[in-house]
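Attaching a single structure in C-alpha cells format; questions to follow.
As written, the chains take the letters A, B and C, and residue 1 is the first residue of each chain.
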Amino acid sequence: MRACKKYFSFFRLRFNMGLQYRMAAVSGAFTQILWGFMECLAFLAFRQADPAAYPMTVSATVSYVWLREAFFSAFRTWQTDGEVFDSIMDGGIAYELCRPVSVYNMWFVKTVAGRISVATLRSIPLLAVACLLPKPFRLSPPAGPVPFMLFVLTLFLGLGVTVAFCMFTYILAFFTISPQGLRMMFTSMVDFLSGAIIPLPFMPDGVRTFLELLPFAGMFNLPLRIYSGDLTGASMLRGIGLQCFWLVTLLLAGKVLCRAAEHKVVVQGG
Amino acid sequence: MITMEHVCKSYRVAKRNAGMREACKALFRREVEIIHALSDVSFTIGDGEMVGYIGPNGAGKSSTIKILSGILTPESGSCLVDGRIPWKDRKEHVRQIGVVFGQRSQLWWDVPVIDSFELLKDIYSISPAVYRHNMEELTELLHLQELLRMPTRQLSLGQRMRCEIAASLLHSPKILFLDEPTIGLDAVSKLAAREFILRLNQTHKTTVILTTHDMQDIEALTKRIILIGRGRVLMDGTLEDMRVLAAVHDNAAAAQPEQTEESLERIVAALYQQLHIV
Amino acid sequence: MGREADRKLITAERSGMTTKIKNSSRVYFHYITISLRSAMQYRVSFFLMVTGRFLVAFNGILGVYFMFSRFGHVKGYTFGEVLLCFSVIQMDFALAECIGGGFAMFSGIVRQGEFDRILLRPRSAVLQVLGSKFRIDRIGLILQALVMFAYGIAVSPVAWTTGRVMTVLFMLVGGTILFISFFWLRAAFTFFTLEGIEAFNILTYGAKEHGKYPIDIYGKKMLQICTYIIPYTLIQYYPLQYLLGRTDRWYYGLYPFGVAGIVLVCCAVWSFGMRHYQSAGS
C-alpha cells in the first residue's frame, strides 16, 4: 500500500508539471487541428482517385486521423524532452538507483503519468473542435457503446504497450551507450510499423497481415479502428488477444532486462 | 569614463504556485509580480579605475552590468560609457568592452582554444599585428602555451577561466567587466587571476569593474567599492569607508576599534543584515 | 572638381559596403569551419547521425509509395511527378534547417544565455545566430532529397529545357529562403514568449510534411490560402505546373522571387523583437 502511495506521488508530480504549459498546449492543439485537417484532405483526394480501392469508410478514416492526432503525444515512441530521458542522459539517474524503489516501476509510472497529462490537455480541445467541424471532416461518434468501452480499454492497454516498449529505449540508453543515430533509425522504423505514417489498412494485404502480428499494431492502430467499428468480430478479438499478449511479454522482458542490467551496474560499480 | 545617473529598471515576473489546484487555476489566469531591480542608481567611474561592485544575490548587480554593456535598456535615467549610450550604439560600444561571465563560457566547446581565438579575431576585426602582439602577451602572462591546442571541454575550471579572460582581452578593450571570475577556482588559480588583473590595470590602464562575492578578490584588487542592495546604491567609497559604515551600525565593534582583524566576510555579512538588504 | 570628389566618395562608400559584405562573409565561413571541426570531433557519432537521418527520411516516401501502389494516381499526378514535388520541398527544408538552424534552435540560444553573449559582440546578431548553429549534420537529409529527386526525374517524363532547369533552381532558392524566413519569424516571436511557439511549426514542419503533394490536391480553398495568406504556391504549385508541362506560362517559373516580401516582414518583426528583449531582460 505504501508502495502505491509512492508511485502515486510520482504520478501527481509529473501530471502537475504537464499542466503548467498552457500556452504550449493551446498552440499545440491548434497545430494539430490544422495537421489533421490536411491529412483528411489528402486521404479524400486519394479516395477520389479510386474509391473501390479505399479500404475504410470515410468516417472511419476521419475518426482515425482525429483520434490519432488527439492522443499523438501519448503514443510517440521517440523521446524529445521527457523528464525521465533527460535524467538518464544527465546521469541524475545515478541517484535514483540508490532509492528503495524499483527503477523499472518508477520509470513506467512517470512516463505513463507524463503522457496521460499531456494527452489530456491536448486531446480535449482537439476532440471538441473535431466534433464541431462540418462533414465530412467531423469526428463521428463511436460505433456503439460496446465498441466504445472496448476502445477505451484497448487505448489504455495500448498506452501500456507503448510505454513498455519505451522502457527498452530507456534501458538501452542508460546501461549502454547507444548512439543517437541508431536510436533514430529504430524509432522511425517502429513509427512506420505501428501505422503512424499511413494507417495499416492501407498497406498491401500480405504486408498488413504480417504487421498486425507485431506488437506495434497494438499501440494505437487497434483501439482507433475499434472505435469506428472498422474492426469487429473475430479479427477484433484476435487483435485484443495479441495486444494483451504483447503487453505482458514486453513488461516481463523489460523487467528481466532491467534487473540484469542493474545487477551488472551494481557489480561493476557503475 | 562611465556615468550612470538615476537609472531605474523593473521586471515583470509571472508567479507560479504549487499544488494541483493552483496549477489548474493558472491555466486561465496568471498573476504578475513587479520586481524593482534598480532604483535611482548613480555613480561615475573614471578611466583606469578598478571598482568592486558588491551586494547580496538579487541586489541588482547583473542588471547593472547588463545595462553598462548594452544588453539591457533601463526604464529611466541615463548612462554614458566613453561618450556612447551602450544600448543605442551597440556594435561600436561592445567593440570597446570585454566581459567575462564566471558561469558561462564564450569559447566554442568542442574545438581547441586557439580556434576560438581565431574566430574572435575575425569577429572583432582585429588586425594581424595587434592580434599577434596580444596573443604573445596574454599567452605569456596567463601561461596558456599548453592550453591553446586543447578543446575547451577538456579544460579544468581554472584553465578555462584563464582562457576566458584572454579571450575577452584579445581586442584590447578599454573597459573590462568581470562577473564572478574566480568562482569555483582553486587558490593557485585565484591568485594568478588576481595578479593578472592587477597588472592589466597598471600597464594598460584598463578600467575594471569586478562583481564578486569573494571578499579577498575585493581586498586584493580594488580600492573603491560600490555596495548595492535591493536596487539601491548604499555605499560608494573605499574599504575603510565600509569598515566605518559597519562599525557605525554595530555597537559592539565600536567598543573595540582595534578589531581590524575582523574578517572582511564577516563585516560584509553583518553589513548586509544591518542594512536589511539580505 | 566637386564631381570628382563626389565620385570618390561614392566609390569609397560602395567599397565600404563591399568590404563590409566581404568581412561578414569571411566571419560566416569561419563559423562554418568551426561547425565542421566541432562535428569532426565526434566522427563516428556524426556519421551515424547523418546515416540515420538519411534512412529515416525514406519513411515518408515509403508511405507515399504505398498509397500510390494502391491508388495509382491522385488528382491527375503520377508517382514520379509527386516525387519531384516532394524532393524539392524536402531539399528546401533540409537546406533551411542546415543554414537557418540557428533560428530553428533559437529558444535554446536565448534560454542558455547565449544570446546575451551574441549581443556583446560587434557583429550583426543574425549573422552570429546563423553562423554559430550551422547544422552540417543535415547533409543526410540533403542527400536523401537528391536521391529522391534523381529518381523522380528518371520516373517522370519532364521535357527539360533551360527554362525548366532554371525553374527548379528558383524553386530551391525561393523555397529555402521561405522556410528560413519562417524559422526566423518563430525565432523573433521567441523574444516575446517562450511558450506557444509551437503554432509556428505548422509553417515549417507542417509545410514540409503536407507540401509533399502538390497543393491543388487539397482543394481550391487551400490553394487560395496558400497563395494569398502564406505564399507556398509561389515556390511549389505554380513553378511545378510549368515544370511538369501542364501550362505554357513560363513566368510561373519566376514566382519564387515573391518570397522577398516575407523576408522583409521577418526582418521587421525580428528588429522589433530584439528591442523588446533588450528592454525586458532575460
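Throughout what follows, a residue touches a chain if its C-beta (ideal position, glycine included) is under 8 Å from a C-beta of that chain, and two chains touch if they have at least 3 such contacts.
No experiment lies behind these values; they were computed from the predicted model shown.
No other pair of chains has as many C-beta pairs in contact as A-C. Seen from the C-alpha centroid of chain B, the farthest chain centroid is that of A.
Nearest to the overall CA centre, using the mean of each chain's CA atoms, is chain C.
Here the CA centre of chain A is 31 Å from the CA centre of chain C. If you average the CA atoms of chain A and of chain B, the two centres end up 49 Å from each other.
Centre-to-centre, using mean CA coordinates, chain B is 40 Å away from chain C. Within chain A, the positions touching two or more other chains are listed as 22. The set of chain B residues that touch two or more partner chains is empty. Put simply, chain C touches chain A in their complex at residues 44-45, 47-53, 55-56, 59-60, 62-63, 66-67, 69-75, 193, 195-199, 201-202, 206, 209-210, 213, 217-219, 222. Residues of chain C touching chain B in their complex: 23, 26-27, 30-31, 34, 37-38, 41-42, 112-114, 116-117, 119-123, 128, 275, 278-281.
Contact residues on chain B toward chain C in their complex (touch as defined above): 9, 11-12, 63, 66, 69-73, 87, 90-92, 94-95, 97, 99, 101, 104, 106, 108-111, 115, 118-119, 122-125, 151. Residues 21-24, 26-28, 30-31, 34-35, 38-39, 41-42, 45-46, 48-50, 53, 55, 179-185, 188, 191-192, 197-198, 202-204 of chain A touch chain C in their complex.
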